[in-house]
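Below, each structure is written out as structure tokens.
What follows is chain A paired twice: with chain B in the first complex and chain C in the second.
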Partner chain A sequence: MRETFRLSMAYLHTWLGLVVGFVLMTIFFFGSLSVFDREIDRWSVPETRVQAAPFPSFDKSVLPYIASVKPDPESVEHTAGEVIGALPPPDKLKPGDVTAYTNHRDPILRMYVAYDVPNKPRDPNLDHVHVYGYASVDPVTGKRLPDEVQERLAIGTGFFFPLHFMLHLEWMELGYWIVGFAGMVMLAALVSGVVMHRKIFRELFTFRPGRARLRSTLDLHNMTGVMALPFLFVITVSGLLIFAYLYLPSPTSLMRPLATAQQDAEAASTGLPVDPSGRPGQLASVDAMMAAAKARWAAQGVPGEIGTVSLIHIGDADAYVSISRDNVDRVANPETLHFKGTTGALLYEDPPASGIESVYGFFYGLHFQFFRHWTLRWLLFAGGLAGCACIATGFLFFVAKRKAKHAAAGVPGARIAEAFAVASVTGMLVATGAMLLGNRLLPTDLPGHTGWQEAIFWLSWVAALLHAGLRSRFGPGATAAEGLSPAWREQAWLVSGLAAAAAIANWITTGDHIVKTVGDGYWPVAGLDLVLLATSAASGYAAIRLGARLRSARAVRVAERAAGQEPAHV
Partner chain B sequence: MALAEGEHAVMDSARVRAKPVLVASRFGAAIVGGYLFTYGFAALATLAGFGAGLPWSEAQTLAWMLGALVYLGALLWGFVPRSTVRAWAVLAGGGAAMGMAAWALSRWAM
Partner chain C sequence: MSDGVLTSFAFLAALAGMAAFALANPDHWRQLFGAKPQGQSVRAACRLGGAALLGISFLFCALADPVLMAILVWPMLIGLAGAGVAAFLTLHARGRAGPGGRTNAGR
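Let's turn to the complex of A and B:
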């Protein structure tokens, strides 16, 4: 398209990067926060601030609660849209399967009950349609959490994490597709970014913070992009592969008869009953099966705790129980054993992963980070933030390079781009800080407690964008040729204030101040408070520096005017 | 910027010439055409893997992993040819050809 291959790459890097960069910024930032999603959950629901505990008794702490779980209204509504005909009333639905899950970071055992639905799906691609119901159990006491606590918004797993992978756009799975496309653009930007630069190796070691802003911005863009390149590439590919089944259904959809026959044959080859027999059966002790599983893993040299237990075909003679290890010591592929429900006999053991499964499992596990390795966890968090820095400096470079020219020509392009850049950097932090502060200050008995917190998040983000737009003074007569938009500095102050206020509000509302949580070694809350305080300090420092720069630029202008000169364009 | 000054000049002159319709079509070729290419590729690659003796699920997983790289290549390559029509023809046409081949071969193999 362009005259040389490298120019084509530069063209797509610039324009795809600009358009999709705002989405990528969101994905990388909330992905970084999701590395600590369980910890953010503890902070945002103080009733659950307890130490993580191993999987409790299934017989005493899961089975008795199945009957008390109710189909989730949102799940009922979603499934009603997927099937032909009206669903039976929710209280008439029969629980088919139950899965209980915990891990080494989670002080909560989560229960997912899948209710059988007699209706046929509209889309023949969906082979199983269910309605789901949820419950949470305290693994220490073995008691169900009160509904009031369970329904509280756990901001880590309940808001930031879904924002990371689907932007809370559920309609037509639009959010998943936007995120998937943005991920592909990220890969394309990494490859084209390398191609654009002939002296890539030298640039890796180049950072000139004192030079003109254009130069040091580009240095930082190159440095974060190239040094973190392997991480950014692998984390993006692995995220895409998690949803590959959604993005690339062609192996099934184009070849349905063959695909269905093969999938059925593979399922049958395990010997596990795909469908219930229809005859009732008495369930043997699942706790005994869990003990057998742990003994078997210990004998195989991989001792460990239980991570996931699923009971399939509840109450049926062909019920079976699948038990997976909490995979804390490896990236991929936890061991899974399947037991016959009525006898507790071992039915099937998942074979070791093949080469292809190991590669896929590695990507999957790397992205979900089930492992217990805090150094690695912090490194992944830092890597995600390096991705944010790379994307943000890309924006800054785009804006800085064009600002003077656009201002001279009276074109608002660079100013609009800058307003979006402000919104996607400091604006996103404003929204996050405001939500965390709102979480601590809104009374929990407020009707729509969850909705209020979400509204605070979205509205403060929109307000940050509006503020950035108003402060960038684009449009007719815009002459601000040099300098950053003052919105950067103003929002940096706001971020600094909000982050500190959130940490202080946590102290006031729960009594868990930083000295206490650090002293107690309760890192889920201490960690988030420390990050909030560090953010407050860093953001305040940035605001001070931006202010100093603004004043010195003003002083230069005044001096130049006094000397009767036109201000020099940068 | 690592691009030479001469290349900047070329880029600026190219920007003046580009028609909005052609620019949109070019992005469409790379993004949509590239996706169609990958869609067809994933089906055919699954079938090829299965034909080579892999279990179906593994052939599909392999096709997904390769598919990410194929779409990356298609997305980048879509901006390379001088002719936008050629970019569309290769990507969308190639995808349709692979998809139809997979559709027909899978039914013949049953």
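Let's turn to the complex of A and C:
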């Protein structure tokens, strides 16, 4: 019974891992990069390479720009599809709310304006449909950044980050669902992986690189999986929780009347109106409210830089201002202070989180990582890469175990699996390196600059898959080392070249070479350049080792043939 | 004492704890001490010492950071320490086998 259960778990682990592993690689790799998304933004938009600064004056650096923000065309198009009837022209839309936010890692104050829409939504479960417009402010000068810089693709927050949770598949929210399914599979794979390996904890510290490739690959798979097990489990659960509202929408659909009643009850008890009164009101100084908030935090003995300020119901007598601090000292988001817009009086302070809210806030916070803890940030980055290593070695084990058998039987299964494995490991790095290089080399005045960068990413990835498919080969009689697709080595060389080229291109196009950025202590750029150079060195080393292994295996095979022996199958 | 120093101590304690757990395994014991016998009491002491050191590691984490932050840092440090111990055992086995030699370490 026990062995049957173990075999069932092994079957589940193998096949679910193979089918969804490619998606999981994407999620974990770009999730790992997203740990440093703001830093990647600095690298990819050199005009924003300044030191992070505290939240500037709201009265002088946010309010004056609200009128100049325009509804975003993509947002207009998206909202037009959600409502009944034609939307009013964008220039007739009235701003309802504005939110501005920054944090200790971001030298840009980002703001978005939510425009009220008079149309009724098509989906009765949707309420308060808005059109959004965006702007960015330099917190040091308090000046709005030019549209050209604001609209430039910030690769960290604008591309890698959403890639890891929705794969840029927006149609029918397909990407979110695929990622959610992959997350559930990851949990099943973690549990089944622990069950199926009899000696998983006994062999926790065991890595035998000198043994046959199957054994050493499995050692590495087990070791990365078990060492990072708590991280892999918690990060997957927290990712699923963040989108639980999408996967389990009952609170906003089936329980809609209850949710609406709860919203109204909360509005009544907190004094924070859901809807504007319709009466005009003069806004008091938001800066004074920010000062009051900081004084309150100082009295409580907590770090007190402003993180987010929202002005709700702009121009209305019932307007209110919500202020949250930059969450540097704790995992979960801190409580928010709410002030009456017309008087600046404190209306309401969020109470300490309940038990359920605390658990949710902890999971949410550990996934978004707003805190200031660089050691933990790097450890989480390493945990994500350990997850990638675990998945990649799982692929390698699957392929190595079956390749000789499939080749002898003339079945292409292992070849296809290996082509996808190459594309999802080195191919993904090729696409990332090509995109970063493209970011530095494409002229910023090129029409469709963002689209070109994205196209470089996707086309490079498809090209890597095609290359892997064409180069994957394994004939009867070949050794395992010879049978390893040459695409691994070739793409490893390509990764090495692209990573080094991206760092050099950054130097040439901006003057920010590694010695300068390290000397200046400008770590957002220095860190990414160092990671690029380390990636280049590691990939080059891997390519050299793969080449040596291939030559050695061929030499053995030639010697065996000369001696009249059958080559050994591994 | 600065948070960085406390976190470093937490890592060192985790490293020592994971090393003790590795030594509780007869294969790794033989790998390091050869034919020297490992009694039941030594194995139990290694396990107990390993658990205690991991506990001390958590205390250092909790001194460096708020507890809810420490419970994130701690398992990550343990994972890193475990990888460090595994790397040491692998390199040690390779060193004993000589250049290019195959090893039966951890068999």
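In this section, the second predicted complex is superposed on the first by the 549 of 570 C-alpha atoms of A that agree within 3 Å, B and C clash if a C-alpha of one lies under 4 Å from a C-alpha of the other, contacts with A are read in each partner's own complex, and residues count from 1 in each chain.
In this section, a contact is a pair of C-beta atoms (placed from the backbone, for glycine too) under 8 Å apart; a residue touches a chain by one contact, two chains touch by 3 or more.
Please read these numbers as outputs of a predicted model, since none were measured by experiment.
**Q** So, on chain A, is it clash or fit between chain B and chain C?
**A** On the superposed model, which is not a single observed complex, chain B and chain C fit side by side.
**Q** After the superposition on chain A, what angle is formed at the C-alpha centre of chain A by the C-alpha centres of chain B and chain C, rounded to the nearest 10 degrees?
**A** After superposition on chain A, the angle is 80 degrees.
**Q** Applying the touch criterion given at the start, work out whether A:Ala562 contacts chain B, chain C, both or neither, answering first, second, both or neither.
**A** So A:Ala562 meets neither chain B nor chain C here.
**Q** Just chain B (first), just chain C (second), both, or neither: which does A:Met227 touch?
**A** A:Met227: touches chain C, not chain B.
**Q** Have a look at where A:Ala86 lands relative to chain B and chain C in the superposition and call it first, second, both or neither.
**A** Neither partner.
**Q** Which of the two partners, first being chain B and second being chain C, lies in contact with A:Met172: first, second, both, or neither?
**A** A:Met172: touches no partner chain.
**Q** More residues of chain A in touch with chain C or with chain B?
**A** B
**Q** For A:Leu241, select first, second, both or neither according to whether it touches chain B, chain C, the two together, or no partner.
**A** first
**Q** Does chain B (first) or chain C (second) touch A:Leu366, or do both, or does neither?
**A** Only chain C is touched by A:Leu366; chain B is not.
**Q** Once chain A of both complexes is superposed, is A:Ala332 in touch with chain B (first), chain C (second), both, or neither?
**A** second
**Q** Which value, in Å, gives the least CA distance between chain B and chain C in the superposed three-chain arrangement?
**A** So the smallest C-alpha gap separating chain B from chain C comes to 13 Å.
**Q** For chain A, which residues lie in the overlap of the chain B contacts and the chain C contacts?
**A** Shared contact residues on chain A (touching chain B in one complex, chain C in the other): 203.
**Q** Inside the complex, what are the residues of chain A that reach chain B?
**A** Going through chain A, the ones touching chain B are 1-12, 16, 181, 184-185, 187-188, 191-192, 196-200, 203, 218, 237, 240-241, 244-245, 248, 250-252, 254-255, 257-259, 261-263, 265-266, 354, 356-357, 359-360, 363.
**Q** Using the touch definition from the top, list the residues of chain A that touch chain C in their complex.
**A** Residue list for chain A touching chain C: 202-211, 223, 226-228, 230-231, 329-332, 362, 366, 371, 373, 375-376, 379-380, 382-383, 386.
**Q** Write out the stretch or stretches of chain B touching chain A in their complex.
**A** 1-3, 7, 10-11, 14, 26-27, 30-31, 38-40, 42-43, 46-47, 50, 54-65, 67-68, 71-72, 75-76, 79-82, 84, 87, 99, 102-103, 106-107, 109-110
**Q** Would you mind writing out the residues of chain C in touch with chain A in their complex?
**A** Residue positions touching the partner: 4, 7, 18, 21-22, 25, 27-28, 65-66, 68-69, 72-73, 75-77, 79-80, 82-83, 85-87, 89-90, 93-94, 97, 101-107.
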